[in-house]
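I'd like to ask you about the structure that follows.
A, B, C, D, E, F and G label the chains in the order they appear, each numbered from 1.
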Amino acid sequence: MVNGIERPLDLLNNAKGKEVLVYLKGDKQVVGTLLAFDIHINLVLDNVREMQNNETKRNLGLAFLRGDTIIYISPASTALKKE
Amino acid sequence: MVNGIERPLDLLNNAKGKEVLVYLKGDKQVVGTLLAFDIHINLVLDNVREMQNNETKRNLGLAFLRGDTIIYISPASTALKKE
Amino acid sequence: MVNGIERPLDLLNNAKGKEVLVYLKGDKQVVGTLLAFDIHINLVLDNVREMQNNETKRNLGLAFLRGDTIIYISPASTALKKE
Amino acid sequence: MVNGIERPLDLLNNAKGKEVLVYLKGDKQVVGTLLAFDIHINLVLDNVREMQNNETKRNLGLAFLRGDTIIYISPASTALKKE
Amino acid sequence: MVNGIERPLDLLNNAKGKEVLVYLKGDKQVVGTLLAFDIHINLVLDNVREMQNNETKRNLGLAFLRGDTIIYISPASTALKKE
Amino acid sequence: MVNGIERPLDLLNNAKGKEVLVYLKGDKQVVGTLLAFDIHINLVLDNVREMQNNETKRNLGLAFLRGDTIIYISPASTALKKE
Amino acid sequence: MVNGIERPLDLLNNAKGKEVLVYLKGDKQVVGTLLAFDIHINLVLDNVREMQNNETKRNLGLAFLRGDTIIYISPASTALKKE
């Protein structure tokens, strides 16, 4: 499952088109489909939902997230499978 | 609808001339028409309104927003459509 | 009115010699006439007033503002016209 | 045991494929298997668990951690052996 | 009075040898004679006084101020004239 | 004792293989043997102990510390000798 | 007394071998003899004392201080002479 991850950005490349959980500074969490990223870890997600206590707080549709506010990014399939 | 987004800045390019919701550090939100942006994610918006609890708190007209205070940018049409 | 803004710095160039509202981190607001700026968004303003609740708290005359403390800059004419 | 560590990144290189404890800003701790890192100290971990008071708070599976939120990284074998 | 200010650093150049008010992050204010500055806005001031509520809290003599803690710098003559 | 310190990194070079006290942002202190450092002041320490009120709070064994969370580094022999 | 200060680093150069007061972010103050500095304003001090309310809180001996935590540096002779 983790084949082909030699550099950190490989994880993001593998996650394109899939749902990811993004944890932001200030305890903010969003879930969405990863469409694009760059070396600054700026992301574009689609079908974005801000989450709070595992419930959707706000639907954003498309969103551009600035990389420097991100703490971690986890493919939702692996994050949710084990929760 | 998300065609043509290969890099994060493509989203901003597609949103030019349209309304965007910008979420800033310190829980500040503004809505306005995106006129210009650069690689630092500095933005110029027109018809800017500072929002609080979905109500307009202040009208700013034109404004230059520094990129490093931005958490996310969402085209208002997709953000509002689903809210 | 927004003609000629292709890049964010165009807004600042158009605002030279005019009054701008500058919103700083830490909820500080100043109003003054924009004399100069650079690519770091360092500004020089004249006739600077620190504002609080729409009242002048302190007159500073000339001031150099470091760019990295700035959240947004709005030409005062458009900001005030709609307020 | 510490042979071959001449530069800080050597420690991360030695820890590949092993469990590490990562302490993040904001008192957040995660444990996981180190798969990849880069010079920004961005990490990819597998089998990630957020820890609180030595108990697992959340299972994340795979995760990309941005380097600038990291305070320290300790190979879990040495950290746990002595605790 | 504001002749010759085409770039922000021109203000600092004009203020050399004169008293300036420096407002620092964390609500700290110092007044002193500007001796030198560089492009990082590092400053050397002489006859430095830390100010609190318009009163001198501490005399520092000479001091080197790191640029990244500075919010604004105002020539004291213009700041004090209008206060 | 302080011979040979012409540049700040010389202190770290002299301290290799010796115990150092590292004071981190957020009032965190660790003590350990300095194995390696780089120009970002990233450190690798061995026999790391998190300290609180002069008592060991946690043993970490080996650890990689990111430079940007460090306030100061003091060779423990000089720090402890005088305490 | 202030001859020869044309650039901010000249002050640090003049202060080598002399006692300086260093004010750090988070209201921390240290006094020590300046041995070395670099362009990042990283410092090495000897005979370092952490100060609180003009009293010595802790003796550190030699210490490396990271530049980005520093607010100001004042040669102690001028700071203390006037206090």
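Convention: contacts are C-beta pairs under 8 Å (C-beta built on N, C-alpha and C of every residue); 3 or more make two chains touch, one makes a residue touch a chain.
Computed from a predicted structure; not experimentally measured.
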| item | value |
| --- | --- |
| Number of hops, chain C to chain F, where each hop joins two touching chains | 3 |
| Given chain C and chain G, the chains that contact each of them | E |
| Euclidean distance of C-alpha centroids - chain C vs chain D, Å | 44 |
| Intercentroid distance (Cα basis), chain D paired with chain A, Å | 20 |
| Residues of chain A whose C-beta touches two or more other chains | 68 |
| Ordered ring members, chain F first, chain G second | F, G, E, C, B, A, D |
| Sites on chain D touched by chain F in the complex | 1-2, 5-12, 21, 25, 41, 67-68, 70-75, 77-79, 81-83 |
| Of chain G, residues touching chain F in the complex | 24, 26, 28, 30, 35-38, 42-44, 46, 48, 58-66, 68-69 |
